[in-house]
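Every chain is named by a letter (A, B, C, D, E, F and G) in the order it is written, and numbering of its residues begins at 1.
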Amino acid sequence: MAAIIKRVIPTLDRILVRRAEAANVTKGGIVLTEKGVERMVEGTVVAVGPGSRNPQSGNYIPIGVKAGDRVLLPKYGGTRVEMEDKKEYVLYREADILAKLE
Amino acid sequence: MAAIIKRVIPTLDRILVRRAEAANVTKGGIVLTEKGVERMVEGTVVAVGPGSRNPQSGNYIPIGVKAGDRVLLPKYGGTRVEMEDKKEYVLYREADILAKLE
Amino acid sequence: MAAIIKRVIPTLDRILVRRAEAANVTKGGIVLTEKGVERMVEGTVVAVGPGSRNPQSGNYIPIGVKAGDRVLLPKYGGTRVEMEDKKEYVLYREADILAKLE
Amino acid sequence: MAAIIKRVIPTLDRILVRRAEAANVTKGGIVLTEKGVERMVEGTVVAVGPGSRNPQSGNYIPIGVKAGDRVLLPKYGGTRVEMEDKKEYVLYREADILAKLE
Amino acid sequence: MAAIIKRVIPTLDRILVRRAEAANVTKGGIVLTEKGVERMVEGTVVAVGPGSRNPQSGNYIPIGVKAGDRVLLPKYGGTRVEMEDKKEYVLYREADILAKLE
Amino acid sequence: MAAIIKRVIPTLDRILVRRAEAANVTKGGIVLTEKGVERMVEGTVVAVGPGSRNPQSGNYIPIGVKAGDRVLLPKYGGTRVEMEDKKEYVLYREADILAKLE
Amino acid sequence: MAAIIKRVIPTLDRILVRRAEAANVTKGGIVLTEKGVERMVEGTVVAVGPGSRNPQSGNYIPIGVKAGDRVLLPKYGGTRVEMEDKKEYVLYREADILAKLE
């Protein structure tokens, strides 16, 4: 499956994330709220794009997270990508990632 | 619990705040209005992101508040994050923070 | 009370204003209109933020009014902050202040 | 009354204008239309702000009209300010002024 | 009447145009469509403003048409100005002018 | 008729196009779809404006198509201009042109 | 048919893509989801434009994908172009391409 994931290279400032299993309490101690204004989930970054473009020079501005990072994600939004391993993969823009979990 | 909070690192210009208990008069003398156009609450900054990106150079523009600051917050908005300690944590963008309380 | 007001430090280009009592004719000769498209009120600046950020350098652009200035304010908008002294305090963005009164 | 008007100092790119009496034909030969898509009125500039801010340097960009200029104004919009002399005063942004009349 | 027109000096990137008489076929061979998505009319530029402002330096960017130019105009939009000569005058922003006719 | 077309000089980034006859299969092999989300048509550029303005310097940024180019056009949008020759002419902004056909 | 495709040259940051046949599992192992928020499809880039324009210099900023690249596409959006070979061709803006597949 690693071979498959490696095949997806997000464009620009997009980030491919594998969402964590829905659990009430994660290992990091984050409880996924059911009653908040906006629900969140946790995930692991599997691939990042080159970054958004500097409109002057056309250079890419590198993304602030990298493959392997655990991240907090908004519940809604993103674009879902299904792989053969039946895990839940979602593409986000960098600005949609809420936080890194360390 | 401090260990848990340290694990959440907001991205870009996001700020993680622990909201104060709802009280009619805070120790700082701020009365939380019930009749205003937009209600406010008080909180304490627990973690700040690296800041928003300069679209030219890609450098981060540091955030004007820091962990430990007491801040005035809009009642609505932000993204709630629940921790094991049952306190109320909310992620805001820097521009949503209304004022520092000293 | 001065001690309390000093404790509120607006962020970015926000300005904390104490609204004047509603009076038909102010000492400065400004009659607060009741029939205009947008009603106005008068107030006194009590605290100003560091200013908005220059998106290139991240430096603050200083605000054009200062504590003590008497200002014309739009009737609607702003975020209300109640203090122990029962006066009416409102947070505005710099661009919302209509005029200084000298 | 001149003393009163001098007391109002518009902020940023705002312009304080005293509207002319509603007349079918002005001395300058401009007939105020009753049937156009957007009706206009004539006025005299009484005070101008320092101008809008250059977002890079924070310097003010001076305004292109000055006190004493006669101007064409849109009928709707602006923020009305009533003075003791019962004339009609309105605050506009520079970009809302349609033309100078010479 | 030329004296009157000279008195109107558009602000910024505004352009004062005298609309042509409604005719099915203009001298330039342009048939004014009745069935298009957006109907057009022809006119003659009588006065132009100094141009829009460069947000960095505050300098004016000169306008690409000049007094005397015949232009294609959108049917709707603009701000009508009536003069004593009963002709139809309209103020447009430069970007609203569709084409020059030579 | 060439004389007439030459008389229309689009402003800024506008492009005057003569739409092709509605045909199911063009000479270039492009079949005009009837079932797509957005229908397209083919046309020939007859005149181009000087280009949009650089907001810093006021210089024109030249347009990427030229008179004589065959282009793919969105079915809707643009501003129709009728000429004496009863062909269908439409003014577009440069960014609305979908592709060149060679 | 290659001759036909070569004839379509997208403008600016547009990309012409030939969509893949709808299949539940692609050769690359990507399962096209039926239940996601936004469904995706796979395609092959057949032609790319010169890129969007630098608003300062007018230079083109090259596009990050090239002819032959396999790409992930949003299900909705884009502008359909039908060719004689009855394949499904769609024009996208560069920012709409979700990922490259390698």
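In this text, a residue touches a chain if its C-beta (ideal position, glycine included) is under 8 Å from a C-beta of that chain, and two chains touch if they have at least 3 such contacts.
Treat the numbers as computed from the prediction; the structure is a model and nothing was measured.
Copies subunit A and subunit G of the same sequence differ by a rotation of 50 degrees once their CA atoms are superposed, given in steps of 5. Here the spacing of subunit C and subunit G, counted between their Cα centres, is 52 Å.
Chain centres here are Cα averages; for subunit B and subunit G they lie 41 Å apart.
Among the residues of subunit G, those touching two or more other chains are numbered 55-56. With chains as nodes and touching pairs as edges, the resulting graph is a single ring in which every chain has exactly two contacts. Read around the ring of contacts, with subunit D first and subunit E next, the chains fall in the order D, E, F, G, A, B, C. The residues of subunit E lying in touch with subunit F in their complex are 25, 28-33, 36-38, 40, 51, 54-56, 61-62, 64-65, 71-72, 74, 94-95, 97-102. Partner subunit B is touched in their complex by these residues of subunit C: 4, 6-12, 14, 16, 47, 49-50, 53, 55-56, 58, 76-84, 91.
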